[in-house]
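Handing you this structure, nothing more for now.
We just call them A, B, C and D in the order they show up, numbering each chain from 1.
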Amino acid sequence: MDMNQTHLKGALDRIIADLPAIEQELNAADAKLGDGDTGGMFARVIGAMHAAEVPSNSDLGATLSAYARATAAATGSSLGTLIATAMLTIAKQTKGRMEIEWSELGPLLEQARDAMSARGGATLGDKTVLDALDAVARAIKGLSDPATVHSAAQAAAVATLEDFRNRPNKIGRARMFAEASIGHDDPGMLAVVRVIQAIGR
Amino acid sequence: MKKLLNSPTSYVDDVLEGLVAANPGFVLDGQSLRVIRRASGAVKGKVGIASGGGSGHLPLFTGYVGQGLLSTCAIGNVFEGPNLQSCMDAISLAEGGEGVLLLFGNYGGDKMNFAMASEMLEEEGIRTRTVLATDDIASAAPDEAAKRRGVAGLIYAYKIAGAAAEAGHDLDSVAAFAQKTVEATRTIGLALNSCIVPGSVGPTFQIADDEIEMGMGIHGEPGIWRGKLKPAGELVEEMLERLLAELPVNEGKRVSILVNGLGATPLDELYIIFAEAKKRLDASGYTIVQPMVGNYVTSMEMAGVSISLLALDDELAHFLAAPADSPFWKI
Amino acid sequence: MKKLLNSPTSYVDDVLEGLVAANPGFVLDGQSLRVIRRASGAVKGKVGIASGGGSGHLPLFTGYVGQGLLSTCAIGNVFEGPNLQSCMDAISLAEGGEGVLLLFGNYGGDKMNFAMASEMLEEEGIRTRTVLATDDIASAAPDEAAKRRGVAGLIYAYKIAGAAAEAGHDLDSVAAFAQKTVEATRTIGLALNSCIVPGSVGPTFQIADDEIEMGMGIHGEPGIWRGKLKPAGELVEEMLERLLAELPVNEGKRVSILVNGLGATPLDELYIIFAEAKKRLDASGYTIVQPMVGNYVTSMEMAGVSISLLALDDELAHFLAAPADSPFWKI
Amino acid sequence: MDMNQTHLKGALDRIIADLPAIEQELNAADAKLGDGDTGGMFARVIGAMHAAEVPSNSDLGATLSAYARATAAATGSSLGTLIATAMLTIAKQTKGRMEIEWSELGPLLEQARDAMSARGGATLGDKTVLDALDAVARAIKGLSDPATVHSAAQAAAVATLEDFRNRPNKIGRARMFAEASIGHDDPGMLAVVRVIQAIGR
């Protein structure tokens, strides 16, 4: 089965099931190097997406666009705004389509990544959500079986998190503490890992 | 969490309701209902000044809407940038036909949302210029000054850009005055304890009963060092040394100083800090102009203080002294 | 004790040094060097107004020296009355030939020292009248209202007596306006945590992490009840009920309201409290005139809020709206 | 030997020896019903008296007058001001006298008590420093042996403290909490007891 609105809604439900733990973990990660609010903001954004009234047979573009609007209204934080940017970008590409093939997901994520980079000014290697997204996008390129897509995505995200752990943050609140940020997970990157893990449950 | 509130989710809207009800000069407006504008509206034929930022820093940001200061201000959730719609609202409501200066602190979310908003509104014919406050010297090295975050010193830029707009300068020159102010402003803060974000499980960070953190940011971002509390004079000594090391002082060595409380520090202590700072500035041949002591840019119940210095020339001194009329800064 | 200070023994003098240095309208004067007076001096031909009280309540008491408000103010040690010499200084420096109103809070030490000072100065020909603020309804039952202590509502008496003196009224009528104000003012406060007296071993009192104390005094005097924190709306409901039960309201039900922070409570929370109060006053048919929200009378790092109501008639409303020019209250 | 300046200075020294403990105890007592500053204020007053430069062969009146001035300059608190009032009153009565008989002490304390009552507005029975002073003054009336004077004073002060413990405060900060003040010692009264005990050491 191709990817459709039901997948999106199901993914959201599974993230919500894990949300309390994710919220705490992201807050704690952000408190080490930022302002400690990544988790709270993330929880609010997910809640707003969930509360958004999206007719159950909308196309993917309309669904994501509604999610993006809900996100943008719920926050003006860095990560929240980047999430909205990503969803808007993919919404534009999937406007009018009820489903997409799983193999299309990788390229779509790459477009999202580029839009986020343009909006936020970060580049790959800065130890942000971008690096995780980039790794996932590249890992699932060409894959068309949903289970394979998921496990490749998860492996790539986790590997990137670990790979970057001992590198310094180069943007956002954490950046100036190059030394101090070494050894800590970037909260945005960690969010990607936890989201993929939640979706897989 | 011991806070006087109704619920964390209604926090910001409840605050705004009270803020507007208590200050007849303020109107809550915009599609987002997350913008404060002057009750008198945008001034036709003059440059507008829009700002914005997260909640939890009162009187910043919204408190400085008023004649000779801001035209409008977008408000985000606690410690989050204002969202896209509120940025668009703030810009539109500030427009009086001569364009709008976007003047706010150098934070990711704020930048992104104001940038998106201005891109969308430029299509509708509203010209904008953006100037970012980057006064916090603890947040990046001097060679990366553009990455520094904006803290208490932002209000100096409000004052000077506001006075320039009031005086009828055009968008480019109002932006230039704001930029000049930003480049002449340096701030460093220190915190004694943490604030608590409404709805969070606890304080943003832990700090021992006898410790302070030098250089801490206004959302609890880590600073330069953490260690035992020292006498006020020693702390001020270090703070001034760090500030003066890179303040671009002009002839006459005129500076304005802002001794700012982070929210929970008694005014008494702010005056002690000011007295220590003045002693040292006097001794080093600086002339203090228009000193300010008080809670101008806070972090809710965070205790601590920041010191900002603005190096003045005649132009900046002139605009700094110009009339202003907001609830929290009147001249 | 985490405070930004040099030493507990120099605390008050260090604060005064900063206060005077930052505010050109203030001069530290008198034999005691514990009096703040207007830089412009006593006004010949007008009634002077002298106040005084312990340190640790800034902007009270000294912050309200200025045109249309106080002439002079004596300052005691933290939470102690001003000593005899400083009371004598405050009275002498306020005298412009028309006598001096002594206007301060109803506390033992303050009363004794001002009484001794005025007895001694009456011999030198300075006429005085004394009016005491007794606005704290939590500190005595209505039938013992004369025993009530003065808290935040004192500043209403400053404002109205100051305007009356400025308008040229004589000593008896300035005292009468002050007395009328005091009788039309009611305050109740609540505290979330304790303050720390400089040099003391710790906080003045202990209170649990989820508790508040209703009716607590501004030095930590015990209140009416101690219990779990409640939502802001419920707290305001109780406070207003208690205040309105005995406020001598005039026709038209005009009141001024002061939502006052005790020092460490974020401005955000004060606005939430104000919004709740306004909702209820509006619903009960009161008209709010000149609302005030901020830190006007504090207890150092104590967190909490007080609500004061002043029942207005035309006379009081007129003087309340008259121009005033002190660093902490400008109209 | 009659009572002279040496006795006053010696008493002060002995109070200072006990001061840290007294300060803490008075603060704690005042914190229960007042603002918790009686001890700090008392310590400052005693320190100021000790620091006052009193020529070593001054008469009693001059000595007490210097102590009173030092006290008045050190504080404006209720108790401090009353202490200054008491000392000024006795100073006036002993002006020019190098020594007094021990039997004169009781009547002098009665005069001090009356001046304090006039200044502060409290009357006997209000559970204040006045009640302790009154009991002491009455107890030592007619006694002329210093040791007897001291033990009578101490016994009277302690008895009064205990007698009043379960009565309500009627003046000062503690007064409104009639109920709550029952069972607690009045800090001013407690100060009298501790001072007499210290002097006796």
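A few comments on the model shown:
The definition used in the following text is that a contact is a pair of C-beta atoms (placed from the backbone, for glycine too) under 8 Å apart; a residue touches a chain by one contact, two chains touch by 3 or more.
Bear in mind the structure is a predicted one, so any value in this text is a computation, not a measurement.
Look at where the CA atoms of chain A average out and do the same for chain C: the two points lie 54 Å apart. Distance from the chain A centre to the chain D centre is 73 Å, each centre being the mean of its Cα atoms. Work out the mean CA point of chain C and of chain D, and you get 31 Å between them. Those residues of chain D in touch with two or more other chains do not exist in this structure. The multi-chain contact residues of chain B, meaning those touching 2 or more other chains, do not exist; every residue touches at most one other chain. The touch graph of these protein chains is an open line.
Remark: the chains found to touch one another pair up as A-B, B-C, C-D.
Partner chain C is touched in their complex by these residues of chain B: 2-7, 11, 14-19, 21-22, 55-56, 58-59, 192-193, 209-210, 212, 229, 231-233, 235, 259, 263-276, 278, 291-293, 295, 298, 300-301, 303, 305, 330. Those residues of chain A lying in contact with chain B across their complex are 24, 27, 31, 33-37, 40-41, 44, 72-82, 84-85, 119-120, 171-173, 175-177, 180. Residue ranges on chain B touching chain A, taken from their complex, read 32, 54, 76-87, 107-110, 112-113, 115-116, 139-141, 144, 147, 149, 197, 199-201, 204-205, 217, 219-222.
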